[in-house]
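Quick heads-up: structures coming right below.
Shared chain: chain A. Partners: chain B in the first complex, chain C in the second.
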Partner chain A sequence: MRASPASLAFICGAALLLAIAPAFAGSYVRYLIVIWLIYSISAVGLNLPIGLGRLYSLGHGGFMLVGAYATAVVTTQWNWPAPVALVFAIMLAIATGILVGLPALRLRQFSLAIVTFAFGYTLFHLVKSFNVFGGPQGIFMPQLWLSSAFSGLPVYYLTLALALASVLAARSIASSKTGRALRMIGENETAAASLGISLTYYKLVAFIFASVLGAVSGFLHAVATGYVAPETYSAELSITMFAAVMIGGKGTLIGPFLGAGFIVAVPEFAQASQGLAEILYALLFLGIVTLSPGGLAGASDMLRARMRGTHAIPDKKAAAR
Partner chain B sequence: MTQAVLLSATDLTVSFGGVKALSDVDLAIERGSIHGLIGPNGAGKTTLLNAISRLVRPSAGGITFDGHDLLSHAPHEIAQLGIARTFQNLGLIEQATVVDNVLVGLHTRHPASIIDEVALVWRRNRAERDALHAAGGVLKAVALEHVADVSVKGLSYGTRKNVELARACVGDPKLLMLDEPTAGLNAAEMDRLKTLLLSLRDTRGVTILIITHHVEFLVGIADVTTVLDLGRVIAHGTPNQVHRNPRVVSAYFGSE
Partner chain C sequence: MTATLIYAAIINGILSGGLYALLGLAIVLIFRTTTIANFAQGEMGMLSAFLLIMYATALPLPLWGQWLATVLISGAVGALIYWLILRPNPQAEHLNMTIRTLALYSLIFAVVSYRWGGNEPYTVPSLFPAHTVDIGGIFVSVEQVGSLSVMAILGVAFLLFFRFTETGLTMRAVAINPDIAGLLGINVGRVSLLVWVIAGFLGGVVGLLVAPQSFLDTTLMRPYILKAFTAAVLGGLYSFPGVILGGLLLGLAESFASIWISPHLREPFAFLVLLLILLVRPEGILGTRHRVRV
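This part shows the complex of A and B:
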């Protein structure tokens, strides 16, 4: 994942396209774009530990929950303005990330997956059981300028700006010292340590990066939908986010956006056929993961390589995006 | 004043569940020397390297490197002190390009922090430029420039060994530890490696500890050779001396 000028051009082009989209798109399409970008931000964060460090976190929904509930509680009960709520949500996510990460990151693979899963699961039941968090009914967000003014345009552009910032940050990290350190850890922890890479530090950095973007995503989701309910942030969300990273293509820049698009669009398209959505979703998931281990981002490389009759060198291709 | 001995291990003992992989090993590596480490399979050569890398914990003894007590450092702090190494079974990032792998070797020297990468991007970019420059120089030295942007996965074993060597050298270590760099190399590749190691020592002043099964490889380049057998030092001297030592011969071929 070297930072190529082409990938920067691609990112800027896509951002520009999305920036002018509201001029043409109706409010429903705009809402879908916002939701897609919100999940993309979350997936971009999760892609760092999973895609580079091979740290399989199954509790990412927990950090989105922290962001959403922190936002809902401080805006409704303490009347904090939205920007302060965002900063608070991020701080809380960092603190939670350190608290969970320090003990959990000593574990590897399945143990890490189970512990992080339990973390998300615990948080879900925590907010469901206490009235401060609205209990099972959840919390309705107050009227915010972000989501109500100019028929929701502020939240659209805020989401777009944060999505752009997060992918640029991910690109910068992935193609520099931290990204290489994480990939080395993911490949061989012993060799990584001998090269002077502190396993604890870099695992924690990846985990915190993911938790911050998870919280940003939770904040935006609370603001954009105006409602924070425990069911949105159930353990299933963690699995869905994990799936989004895997489907999109872990370790690539564009993968999280493809994966998030998948988890937002497929249920949307299949809505007409009640109940079929989940089945279709599961089948597509199975298909993509079995046919293209590199996810959607990897699939296009495979096809291109096949057409040219050469074998794909995933890394060189991934860098182009 | 710098001491003549760069690394010294004294009475080093490493046990794995009752089996002594190393017992009371004494080793002194002189600054600016090429030090060979040979011995039959299971002699404890790699264990000795791992003890220096702090990957295994000795049950007794001490290791001093350049005035530092190595045993009081964590594994990831060893590189910072100036010790680099390669692995017998290659420890490269398979999916990454050659140059990216070499850049990992600059980890301890790369000044960018996560804050630079996320916010102060110009500082990250400057650090990356410097790192790429250094990596380019080393790739040139090992004649790997032409594959710099190729993924490691598809390269031959010999080339990948060279990538690992480049990664170990790029940070300008004081001590370079090579675990079986000659395994799987043909005669021409071995000659090239010989020239490279000599130039590393002579032009950059790198001290080299080298494990090999090719005793003849050491003749002509190693200043000193230590022979291990069953976790003990059984001989010590120039390659030619140990080559003729009856204890060494019996360790390799058995005695009558």
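This part shows the complex of A and C:
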């Protein structure tokens, strides 16, 4: 994860801008920003296993589901306050992450992708078929101070703060011993193991980091929208989150924000064009990943390199093991 | 538990398992030769079913001719996908290629929904007559027997093609090492193209076999694609007999789960089977442990 002082300054600047945005933006724009940041948090989490360790997790929607449903169930049925619900959601996500991660992370690439995908898919079917989870109708959240007081400002600032915290956490993990170990695992698992890097430990750390941020994102989504529906957390969501990381540019610091911006903004702005929205979304998605393998964050590098007459796309030999 | 019920479960299991296996064959084929996991495989089949009822049924041909035309067009669609989506920036890593097929999945779904989604579901004519036959006391519909024969013939033809023809041999060479195959004079690009054409065929056949069994809508292949991937992983990803075995096993497991446990638990049960088998054998049923030299 490239973390130059410039990108750090950029993130701080953007956070400052977003912090004063509610003074100018209307409630619709504010809502869009919140949704964008919520998906960004999720993508920041997923970016760690995918971008550093090349662990292809296709079940990220499942962890968002865990966060959202844990929040909805404990706030409606047990009347727990929101902060406790958040802690509970995180604990549950960690437990789920370990439970799924321990067996699944023994697998590589494609197999891992399928097993994690099946995990998200199964969770979706489970919540849909049990009434405790609201069945197909989902669960309406109770009135929470976070989302109702000051026309939703608390949830706005909470989301912003958590987004900032998550990107800083991702940055510090990426430049720590754990980050280096994960990069080595991503580069060559066998070599990493031969250097004494515990594959199970570091893979699990990356996986749990992703599941925690997934759950945080699910919590925020439940609070911000006031409604938890199974369809929000279908297998499509896992694919969309994976796509967001890839569209933004995996392994980069601002990539997840760009990717999340794409998956939130494009369908939103294309809504006016009735039915063509999905086609436009898919075409842009296809165009970006085909023309710029490094995603949106990689596109600027590629353009700069092209002007200098060199290729910035990583060589296939170096990338594929 | 009567014997008839068990036979029926076996037949249903083999039927759906065969479809998983056929779709899985296409996935394994593409994965082996190009290391791309083709997520759009199911949607390619869905597209074929729509091509049949929207365009091919207008052709002045008998139904089997219309089917054949659709399957051929599906192959051409496979070629088109290769040219338009996988040829640009070929030096990108395989994860990027896989993501392109994910985007393609969204695109096919979006286009079909936009064009034809408003009037769904559609009924698709079956190639086989609607009556049943009596096989040793068990009544089986001709459609089931027909689907099974098509699947069996295709599966065997596929295996023979890979074992005995020169083209099949070049494909296996590319699968083992594309760079060395290229050095030996094999046109790797042409092989990749051919692989996508075959995947298009197989997707088309599966789409046309699935569509008459239920109503045709845009989500036709959703249940099948995950199962096909599961079958591929179960079989060890690189093995053609493995994916067939994996598909049949999955189909049977699901079928028995729905009569013995509960029809609602079909989906989670498939996942459980996958996890259990991979726990014991991470390399799949017929897979071999890959040794990587550092």
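Following the convention adopted for this analysis, the second predicted complex is superposed on the first by the 303 of 321 C-alpha atoms of A that agree within 3 Å, B and C clash if a C-alpha of one lies under 4 Å from a C-alpha of the other, contacts with A are read in each partner's own complex, and residues count from 1 in each chain.
Keep this in mind: a residue touches a chain if its C-beta (ideal position, glycine included) is under 8 Å from a C-beta of that chain, and two chains touch if they have at least 3 such contacts.
Nothing here was measured: the structure is a model prediction, and the numbers come from that model.
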Would you sort A:98 into first (chain B), second (chain C), both or neither based on which partner it touches?
neither
Check whether A:29 is in contact with chain B, with chain C, with both or with neither, and answer first, second, both or neither.
neither
Between chain B and chain C, whom does A:177 touch in the aligned arrangement: first, second, both, or neither?
first
Touched partner set for A:169, first chain B, second chain C, both or neither
first
By the touch definition at the top of the document, which applies to A:205: first (chain B), second (chain C), both, or neither?
first
Please work out whether A:196 is in contact with chain B alone, chain C alone, both, or neither, and reply first, second, both or neither.
first
Which partner, chain B or chain C, is in contact with more residues of chain A?
C
I'd like to know which partner A:303 touches here: chain B for first, chain C for second, both or neither.
neither
Between chain B (first) and chain C (second), which, if any, makes contact with A:188: first, second, both or neither?
both
Show me the chain A residues, by the header's touch rule, that chain B contacts in one structure and chain C contacts in the other.
188, 190-191, 194, 311, 313-316
Spell out the part of chain B that touches chain A in their complex, as residue ranges.
53, 55, 74-80, 84-85, 87, 91-97, 100, 103-105, 107-108, 110, 112, 114, 117-118, 121, 124, 127-128, 131, 149-151, 153-154, 167
If we count contacts the way the header does, which residues on chain C are in touch with chain A in the complex?
31, 35, 37, 39, 85, 88-96, 99-100, 102-107, 109-111, 113-114, 226, 229-230, 232-233, 237, 264, 267-268, 270-271, 274-275, 278-279, 282, 284, 292, 294
Residue numbers of chain A touching chain C in their complex, please.
54, 56, 103, 106-107, 110-111, 113-115, 117-119, 121-122, 125-126, 129, 188-191, 194, 235, 239, 242-243, 246, 275-276, 278-279, 281-283, 285-286, 289-291, 293, 311, 313-316, 319-321
Please output the residues of chain A touching chain B within their complex, sorted ascending.
2, 169, 172-173, 175-178, 180-181, 183-184, 187-188, 190-199, 205, 209, 251, 311, 313-316
